[in-house]
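Two complexes come next, and they have one chain in common, chain A, joined by chain B in the first and chain C in the second.
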Partner chain A sequence: MSSSILARVPWQSPAIDYHAIAPEIVLAGGICLIILVDLFISESRKWITASLAGFVMLGALLPILTLAVSDSDVRTMFDGRYVVDEFALTLKALFLVAGYVVVLLSQNHVEEGDYYQGEYYTLLLTSVTGMVMMASSRDLVSIFVALEFLSIPAYMLAAWRKRDRKSNEAGVKYYLLGVFASAVMLYGMSLLYGVTGSTLLSEIGSRLTVEGQFGGVEALGITFVVIGFAFKVSAVPFHSWAPDTYEGAPIPVTAFLSVASKAAGFVALVTLVYVGFPRAQDVWQPFIWVLAAITMTFGNLLALRQSNIVRLLAYSSISQGGFILMPLAVAGTGDAAGPALQAVVVYLLVYAAMNLGMFAVVITVSRTTRSGEISSLGGLFSYAPALGVLMTIFLASLAGIPPLGGWIAKFGAFRAVLEAGSGWAYAIAVIGAVNSVVAFGYYGNIMREVWMKPAPHGETTTVRTPSSLVAALSITVVGTLLFGILPGTIMRFGDLVDLTGAFGG
Partner chain B sequence: MDVLRDQNWVLSAGTFLPLVGVLVMLFIPKAEEELSKLVALLTAVATLGVGVYTLTQFDFDQADKLQFFADAEWIKVISSNYTIGLDGMSLPLYFLSMVVTVLVMIYSWNHIPSPGNPKAFLILMLILQTGMAGTFVSQDLILFFVFFEVVLLPMYFMIGVWGGEQRQYASLKFFLYTMFGSALMLVAFIALFFKVRGALPEGVEASFSIPQLVEYGGLLGRSAQIWIFGGMFVGFAVKVPMFPFHTWLPDAHTQAPTQGSVILAAILLKLGTYGFVRIAIPVLPEAAKEWAPWIGLLAVIGIIYGALGCLAQTDMKRLIAFSSVAHMGFVMLGISTLTPMGFNAAIFGMVAHGLITGMLFFIAGSVKERYHTLEIARLSGMLKQIPKLGWILGFCAMASLGLPGLAGFWGEFPAILSAYSPAVGLPEETFRTFMVIAALGTVFAAAYLLWLFQRTAFGEPKPEFAGGDHGHGAHGDDGHGDDLHDVNIFEWIAWTPFLIAIVVFGVYPQLMFKVIDPAVQVALRAFGG
Partner chain C sequence: MLTTQFLLLGAVLFCIGIYGVLARKNAVMVLMSIELILNSVNLNLLAFSVRNGSVDGNTFALYIIAIAAAEVGVGLAMVLLIYRNRRTIALDELSEMKG
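And then the complex of A and B:
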């Protein structure tokens, strides 16, 4: 039976633009290579897998560069389901660089912890591949596949410290809530497919747009999909997994989750909102408004109470997520659409640099202090001035103090919101302004430990920084400073036309 | 206009030269303290050299126009440019910041506060200098905001690391207050941009350029202006600080190391008042008229409150800090009249307060170093023990209370006078009432300053410090008496320029007024001169 149906459908092999998917091919090849190499090298030389993983990430960046300079701006495949445009390229580059930095962060940690190195880097690469795919996905199915592709390895990585109960808790919590979110999202997607008859985002977009005729099913579908991604980006009240997972997971994995995985969630959210539901803003705008407001507020308030640095960073990253959501809360309002998209993209880029940098410092310092408490950072400036200054730079950037990267990110978000100019927009701008002050409460608290407190006894040995961490710190600090002082370097990314232009409006 | 655009590298050099020094210093080992100090001092002197050059090249006949004007693309996508320029209103403050930094550096040569580490301390000071100079030359709102914020962190660390016992509390309070103000200020700036963009005539491209906003800001509706002004008001008023946003100031000043207090008083507070005269009022004239009586009210409350606060203090440094609240009240009163006279007085007052109060903080630092206390009740008879320091204190107290012939007078007196006839459209009776209250404030000022001088300088030295006369403490345990030496050479070098400037500007105020006035006339064009 089934064969006869297939026979009746005229099937044609889709044209594949190999140049466009070269990054994914490199990554896939790299994954296979690492698995193979891992089989044949002795235990003492497993570090090779780490280097390989790094090279693969960088290798995948090459085709992205060639694509960026190539003539055709937008490459579309599979009837518009997979698109490589400037927006996608920017974010792919972000994921790959972030992935590379995470490899650098992991190198010593994983090696010294005697974890399973080959498997670790395989899973890391797989997850990055999922993210790279996510940046191009313009179809409910490909978005979902990319999402699972990036999530499932991450569940395993979170539980990587297998003999540690906290790490197990981290993995299980992340897995259970992640799967639950996927289920909710799938339900929403099925509703959307049901009412529009298509999984292609641009078609959903055009069929949802008959204004005034907006049924409850459509609204439910949109809401469920947004909720699914709200889990992914750990927006309050769907954030409860984040602190425990972040605390329990190995720190490099935490860095990966809080930067790359979160960015991937935002990318999907942006794509959905701009391409899938561009004129259904009456449904998602108020919803995202509320999410943004409570996410930044609660993230901040809870962060104020933390004494563990990683947990604090978890809440801080929740709160930063609220800031990234903020422009989306007005993204459907006329003129604000362009600046809002740009604000999200710029924020993601800056956030990746400064947050990874922050984790790099924490990892470096904790190699000496062997503690995750904020108080263990006491006197850091006096015995390791360079690390103290770096940490100050990253913290100040996270707090949004010019001329560091974080301020231009916050500035972009405020600008987008104020461009919308409605009462709601002003309200969230004020909430954001107050929150950025509150945030300094905990960032400043860490600075205070670093600069003004005496070192806890015995911790005055100089901190030895392995070369991979030096590299990670350099990349991130250069990014943080460059983005802040010459924002023009990143503000050119994320133009609205790049995203929606691929769909003819 | 070409003359004004010549040599447009001068301001950038003056602003960023300190950062070059910072880069050099990063490579100096921490142990080489002398070398660090030398490099920092040389950098500051070189920066001052650029400042002096700027002064010589400044065309005083065109002080109303922006000179050394430079305009380069910076963040194109948000229409913000690297626009800098200097006119008569910013020149005195720009130059003052450079002078103060050099003198503070000299003072630091043998006064690095505990816990030491001159390298970090001086690096922070150089970064501060860049932020201050940059704020005064910025002609673009975003650039202004960036520089305005750059000063925050160095000052936070300066107070928090090198400060007194309550330093951590004081530094955090300082930071949170200022940051709260600037967050609202930023929102106001962006809102202003969008509103002005909506009102621009055909063919004009919107930007954050201050001259352009001054030109078109008046097009905005009244209520929009009032709201935007409100945001800026909070941002600037916290920095000034105006009553009721002043509570961070006594703590910050009291806890900061001497150098921090001097810079804070001499320059940082002026960033707020400068924001009013450069941005808030010229750009939003309608709102300024609406807000002016309230600003005036808060200013006179500040004057009286600051004075009463002074009378209640038992700590010399804290007293000087409260006197800042009162003095900045006079400055704000002058500004709130929206008249050229008031503005002139305000800018003169900013510089005079910078010189005088900066000097007073220097003295407080030196007193603390000698007596290990600033408690007024324990100090006495300075004129007998260390007469030079005592007389300098007396001199500065006289200057601070507004004695004619010294710089302080020309900030206060015209400010009070200008309140007699505020700008057209402002309630005359109200401002005359303010005038009377402010005049009363000068009496209080005389009271608390003379009282301070009397209690610390007159009379016999307290027995606990009496050993100082003989050079060695009677207890033989490094008693306080050992430290009672009079003004030393570094102090003389650092202080003499201040003292001379106080006299010169006091005797011949026209020197500064003639520079300020043309620019003030431009800033107040919207109010009919």
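And then the complex of A and C:
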């Protein structure tokens, strides 16, 4: 029977817009180049692969800039399965800049740890390529391929320290739960394909609900797909892998997972919700509402009792994920769709800057203290004032204190929720407000260590900051301050954003 | 129509796979259970493809088969890593980190 179907479809080669996929081509070429270069250089010159990886990320940013200034706003390929619009471009730029900062963070860590440098950067670039593809995917198949493209290298990166039992455990937990989640998500996708007869998101969107009629199979499919991405963005109760993976993985990889990988999960969730199931809000809205509420609350409560800084940042990033989910929970109510999309994108951009910055400070300090305990940060301001001030800026931004970036992000999220104006929206706004206050508890605790406590063991050796970490710190601190002091710059990104095909438009 | 039976088989396989992932403590058995879920998805897609009369489902199934192979390759490598360092692949003994 299948052969007859194949016979009925004449083959035409699709038209490919090479300008639109130039970032992906640069990344793919870069990956091959690094593998080749890695083969032919001696052990002492492996640092070249790190520089190359950085240049490839920046090289891929160039076509994104030319695409942004080009005349045609929306470029679609393969019958709308791969779309390059402003939403996609903004997030591709985010992934590439975040990837570049992670390369800067990794450089000394990987070199001094005597890890496999060429392979490390190859995998990092592969994962970023998957994310860049995810931002353009508008089809179940390409979303799945992009998801695995970004996840499989990330599993390997988490288990990078081969001889370290913690790192092994981090990798296995991430792998098993990640693969399990994508299997469940695939089952949901198969049901969606079954009831709509298409894998194209915009067609699924138009066929999924006819005059509000809704079957159990559709609801099950949507729920399974959302569960799959809830794992990716480590939403409670699908978060159990996150703290262990974040603690066990090498710290630059943790920074990558908690920012870029999480952002990719949100991008997919946004695309699915806006293009795939725009009129099925009765299914995903309550589900995401519950996820957002318990993610914020549990992430915060568990963060309060952590004594390890990386573990604390893991729980803090879980609770920040809850804040990003919050506008999505009301995206189908009233006029909230536009502000909610803007809030999610702005939050992702700001969150990337401030969280990567936080990890950059932690990496710099732990090079000297060799400890992950919060108490090891004691007296940081007295012996390394610059780092103390930077850490305070990032912490204050994460906590949402004006005039820093985090404040604008939280403001946008709450504004979108209030725009919806339903009882459920006000309820989640209250939960979010209470949680922002609770979050001061643990962020403030770190600040107290930095400013008021004496240094443990009277250790006051100056902290040497390698130039790559200086670059990473400057990029992130400029981002955090700029977004906060001139919110117009980032809100413009939000205004430009318009998802092609969203809500049938 | 025959597709209903295929979908039923897919659902049964899916449930067995979910049970296996949640109940088994041996890492290789968990990997096999995940494979069961992926194969139930493939069955579903092929059955729906026949019912809907479109090739999209067949294409999707091919992608899933290829990517599942890559995934299991990474998974088995990781299980091997754990076995080398610990001489066991019991998942409930993986508890270096708590809290």
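The working rule: the second predicted complex is superposed on the first by the 485 of 505 C-alpha atoms of A that agree within 3 Å, B and C clash if a C-alpha of one lies under 4 Å from a C-alpha of the other, contacts with A are read in each partner's own complex, and residues count from 1 in each chain.
In the analysis below, a residue touches a chain if its C-beta (ideal position, glycine included) is under 8 Å from a C-beta of that chain, and two chains touch if they have at least 3 such contacts.
No experiment lies behind these values; they were computed from the predicted model shown.
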Chain B and chain C placed together on chain A: clash or fit? fit
Problem - Which of chain B and chain C A:Val225 touches, first, second, both or neither - result: neither
* Asked: Regarding the shared-chain residue A:Ala314, is it in contact with chain B (first), chain C (second), both, or neither?
  -> neither
Quick check on the superposed pair: does A:Val172 touch chain B, chain C, both, or neither? Answer first, second, both or neither. second
Ask   = Is A:Thr392 contacted by the first partner chain B, the second partner chain C, both or neither?
value = first
Taking the CA centre of chain A as vertex, the centres of chain B and chain C subtend an angle, in steps of 10 degrees, of 140
Of chain B and chain C, the partner touching more residues of chain A is C
Quiz prompt | First, second, both or neither for A:Ala329, with chain B first and chain C second | solution = neither
Q: Go through the superposed model and pick first if A:Gln306 touches only chain B, second if only chain C, both, or neither.
A: second
Superposed, chain B and chain C have a smallest C-alpha gap in Å of 25
Residue positions on chain A within touch of chain C in the complex are 1-2, 5-6, 9, 140-141, 144-145, 148, 152, 155-156, 159, 162-163, 165-166, 168-169, 171-173, 175-176, 179-180, 183-184, 186-187, 189-191, 193-194, 197-199, 243-244, 247-248, 302, 305-306, 311
In the complex, the residues of chain B that touch chain A are 30, 73-78, 117, 120, 142, 145-146, 149-150, 152-153, 156-157, 160-161, 167-168, 171-172, 175-176, 179-180, 183-184, 186-187, 190-191, 194
Within their complex, chain A touches chain B through residues 342, 381-382, 385, 392, 396, 401-403, 407-408, 411-412, 414-415, 418-419, 421, 426, 429-430, 433-434, 436-437, 440-441, 444, 447-448, 451-452, 486-488, 491-492
Given the complex, residues on chain C that touch chain A span 7, 10, 14, 17-18, 21, 27, 30-31, 34, 37-38, 40-41, 44-45, 47-60, 63-64, 67, 70-71, 74-75, 78-79, 81-82, 85-86, 91, 94, 96-97, 99
